[in-house]
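Sending over a structure as structure tokens; questions will come in a sec.
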Amino acid sequence: MLIVMDKDATSAQIDAVAAKIEALGYVAQPMPGGERTAIGILRNPGPVDPALFLDMPGVSQAIPVSRPYKLVGREMQREDTVISLPGLELGRDRFVVMAGPCAVESETQALAIARMVQAAGAKIFRGGAFKPRTSPYSYQGLAEEGLKILAKVREETGLLVVTEAVDPCSLELVAKYSDIIQIGARNMQNFTLLRLAGQATKPVLLKRGMSATLEEWLMAAEYILSEGNPRVILCERGIRAIGEHARNLLDLATIPVVHKESHLPIIVDPSHAAGRRDLVPPLARAAVAAGCDGLIIEVHHEPEKALSDGAQSLYPNQFAGLMEELQKLRPGGWQ
Amino acid sequence: MLIVMDKDATSAQIDAVAAKIEALGYVAQPMPGGERTAIGILRNPGPVDPALFLDMPGVSQAIPVSRPYKLVGREMQREDTVISLPGLELGRDRFVVMAGPCAVESETQALAIARMVQAAGAKIFRGGAFKPRTSPYSYQGLAEEGLKILAKVREETGLLVVTEAVDPCSLELVAKYSDIIQIGARNMQNFTLLRLAGQATKPVLLKRGMSATLEEWLMAAEYILSEGNPRVILCERGIRAIGEHARNLLDLATIPVVHKESHLPIIVDPSHAAGRRDLVPPLARAAVAAGCDGLIIEVHHEPEKALSDGAQSLYPNQFAGLMEELQKLRPGGWQ
Amino acid sequence: MLIVMDKDATSAQIDAVAAKIEALGYVAQPMPGGERTAIGILRNPGPVDPALFLDMPGVSQAIPVSRPYKLVGREMQREDTVISLPGLELGRDRFVVMAGPCAVESETQALAIARMVQAAGAKIFRGGAFKPRTSPYSYQGLAEEGLKILAKVREETGLLVVTEAVDPCSLELVAKYSDIIQIGARNMQNFTLLRLAGQATKPVLLKRGMSATLEEWLMAAEYILSEGNPRVILCERGIRAIGEHARNLLDLATIPVVHKESHLPIIVDPSHAAGRRDLVPPLARAAVAAGCDGLIIEVHHEPEKALSDGAQSLYPNQFAGLMEELQKLRPGGWQ
Amino acid sequence: MLIVMDKDATSAQIDAVAAKIEALGYVAQPMPGGERTAIGILRNPGPVDPALFLDMPGVSQAIPVSRPYKLVGREMQREDTVISLPGLELGRDRFVVMAGPCAVESETQALAIARMVQAAGAKIFRGGAFKPRTSPYSYQGLAEEGLKILAKVREETGLLVVTEAVDPCSLELVAKYSDIIQIGARNMQNFTLLRLAGQATKPVLLKRGMSATLEEWLMAAEYILSEGNPRVILCERGIRAIGEHARNLLDLATIPVVHKESHLPIIVDPSHAAGRRDLVPPLARAAVAAGCDGLIIEVHHEPEKALSDGAQSLYPNQFAGLMEELQKLRPGGWQ
């Protein structure tokens, strides 16, 4: 249920509605908008009777919310969310490219790649310090040492950094060192991690799970928002499907549907969808043409020596060429 | 196995290689290229010994073909196939848009829509006369009467027409009235139909099956080519997958992979992938940005009255707006 | 819509209802049951007003049929269909095992295998004469010669035979030589073939399509019944899914759901689901325990020499051992 | 690489091999078997040269392990693992049924259901205290209070208990109160949780992920074993697939394949696969017929009042009837 107030409703009227919601045992979530305030009712186990609110002063409408998600839905917030980051914005008309290696391997490697992707126009550097790997015997990342390298990259280049957290412990560290906290596909329904990310003060990049429906994905974002962190960036990275010509099946229809259902921005990771270098540029172009708010792309200066995912990493000059193509496809709003 | 001849090999030398292949009980498929001729060996149940050919005069190389497809593969023909149609070409750098209703319902309807899509830049009119429907009680199309209406549309407007054949009987009629024979997703592995399409003199639009791998799809095309019809246009239309936000999952990675594996052109059907009107423009833009050779789009002037698939048909003015966007995304090569 | 007549309704009353249905432009399908007659209304494009029938003499109820399938649904026929075949029955409590090679390769091969599977308890011999193959260069079957071998097997052993039809031409031949007409997974939505099978006088074994939903499968059966052939045996053979440990994912939940939704019998093909020999016995046992009405299993006396599907064919002694296990799991009703 | 020692190899010889492995920078994992000892080489980034070990005294063979999993594989341990629990065993020929509600709701509810499932033959009581829910607004479980109720159930009835852990914090509590630690489908690749479960002293029930391949699932188990906990029970619960007649697609082929690839036991959860009560008994029977080592089934005495998953919970009398059927299907080895 969403209680929409009159345009000229007073603070006292808004407070009275919130107080009534709380008195009923639910949680009130006021959402001040450009023109008027709406108040979401959360934690109600079943439908709420609109009549309880419609006769209160200053109340304009009581809209039953049919979607299971509330805070992430358009019904709660009509305007696109714009994610504010130091020196740039993402969402609405602001378009951002994140790029870097799959894993931070050394300061030399990270700085070399960071300077190359920055020269080509990337604004955020990606690189994993905690790597969730299918095998316990695979390279697991540099952990806090990797985070320190990322912080060094930011210091040296001015690029912002994004990196993945995989458990409560790493989340605390990532929130400390990184500008954006990434939650990976395997953890999309790690609800404890989502709640902790919701208590963090940094924006969260939430990847779609391996076989998640759109609703499950938005509900995962809802976990983060329901804990008080409104800065969530969704990231489509393909789902598991039949066929072997690409690693995952990039589902670009999520872009317009997310934009219709939710006010959150959505970016695309063509590298993990492709799984092979030659498919990254066409999928990146397609994602931009479909209207995404940004891209996150793997780039490595020596992919054949990469400790993970080398086969899908672009060479720096390929990345630079791709960036030129993308700027033609989408002339405005580049951050 | 592919026998590649010297650049200056004589006809007699080529004939001798073909004769040897036939003498071994296989089928020889000479493929004259721009610079040199290659001869494919078909119907060999197992590997063929290259030594049998390497010492023949005029033979340059004997290349074992690792892919199960031969005629459709790049190894057999390096240059992109260009499909010649009356007054236009499709493939390589020639880009074509096909548009029209799901089903031909009446001459009035067909002509009205045809004129609208033509004005917006479409060159080929689509419309089903034989409709494969999940239910025996659903509208099944106008059959030959529908084909006559398509012929009338061509006569009145100059647009070419494409329509679906569903069995041997309808194939014969479609080949007679239509400029392009469409084989639908449900019939992608109707091998009898594929063979008959391979014996037709019209180009074939071959849609990808509901859950076909890329290899199965190319092998279906191989059936058509192996019967002597080299003019096949592949059409990606999404595969069945989890999730409910779109009808099928459009797999745009097939575009670069088909272009790498095969010399055949590939177009995209965003309408059947989307299943809902609002997703058609972003998916169409994405397909163009990913490098497809054309699009086939459902348009209806009164979609709410359409006898089938109304929900995914664009209004004519939406189609016109989309065409303008597409021309910006892909400035050259429009037919 | 289903018009249910009173228990003591007269023929004249039944005829009057049918005449009214026809007068409305629909098709009336009378279904005489044990206690009373019901009349289905087919080919109605939309809902029919029950009031049109409720005041007619002898009419008890007018039930709107919510399922898209009618003739195959339980609402139309409450009792299980029993398929009558020469000398045996399938469905309700009669359980039948069909077995034999993937393809009929020669009279010697067919007879050798037939005698082995008969000795182990199979009642119907399977073997393909028309093989739908992914590649045009693969073994395509013996065609009519194979059908003659099947007829010879029946003559020599008394086993009934089942074999696949792939197009109108082969359907006519299969209907002539075989006791059961098989429609394969790739042709489940070959509607022309389904209609022709519906006009045949032999029972039809209808395999589930590669990625067909249960509803699509039942609608395919509806095509056959709507043409007048009520003898359809459904066959679950697994659907395409992720994972590589088996060829297809056998979906045994279809057994209880088909039994709930439809009166048609359902058998299981563990061989095509497994794709490898060692998985066939456990899947066959599981299918029987889940309540299927029969099995169709590939057996070859020399699988390593089989022209197709050798890897999934049981050796005759494995098949005999499996039959003993199955008889313990399901003691009664064996045909 | 697996170093297999001679039958009469001495401890000193075994130690020398282990020391050499460690000297190379890898981890040695001695596995004493019935007849001879094998020593696994773990954490080697690439292939290891067998010649390094073959000339050492007491070494019989050096087997390159082709599977990515080692400790869970048959190559490492030929005999089936038997999971020892207080008063019962699971695996090899010991068959165990676990049953109870989706969530522990109250002591009254838990005890009532526990007594009913115990009377019908269940040996382990299931019930969630920490519920991973798609929505942050859904019932999340009683947490530690639920665990105390489970401990009370064990005390009162003698049943063992199994319950799910969802994060490091709940894992510690579950390991304290419960007899078996369950890792749910959504956490199958929560590698931090897997490592912690590998350090616990209780057996682990590891459910297959929503869209996990068999290899990924076994690799998840490998995480647990590689930390020192050899007592892992795999649990097949269906994967996400197309079709709507059941919630997930139960993949019974995993039973024989797991038994071939791994020494670990595998049980089946028909309740979460079915998603609806009427499908649970046929799927449970099928799982037993396919050879599983146990079942975990949801039972509720008042499913219509259940706080979660009521629609798939059996009534106690249905469960008792099912247990009788299962005992006929699988006469021996019941614990």
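As written, the chain order gives the labels A, B, C and D, with residue 1 at the start of each chain.
The rule is simple: a residue touches a chain if its C-beta (ideal position, glycine included) is under 8 Å from a C-beta of that chain, and two chains touch if they have at least 3 such contacts.
Remember, it's a predicted structure, so these values are computed and weren't measured experimentally.
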Write down the chain pair with more C-beta contact pairs when A-C is set against A-B.
A-B
If we define chain centres by averaging CA atoms, which chain lands farthest from chain A? Would you check?
C
Find the geometric centre of each of chain B and chain C from their Cα atoms only, then give the gap between the two centres in Å, rounded to an integer.
34
Please work out the Cα centroid separation of chain A and chain C, and write it as a whole number of Å.
49
Just give me the whole-number Å value for how far the CA centre of chain A lies from that of chain B.
38
So which stretches of chain B touch two or more other chains?
211, 240-242
Within the complex, chain D is touched by chain B residues 240-242
Can you check the complex and tell me which residues of chain B touch chain A?
211, 213-214, 239, 241-246, 249-257, 260, 273-274, 278-279, 282-283, 285-291, 329
Chain B residues within the chain C interface of the complex:
42-45, 68, 70, 132-137, 139, 166-170, 186-187, 189-193, 195, 209-211, 215-216, 219, 222-223, 226, 240
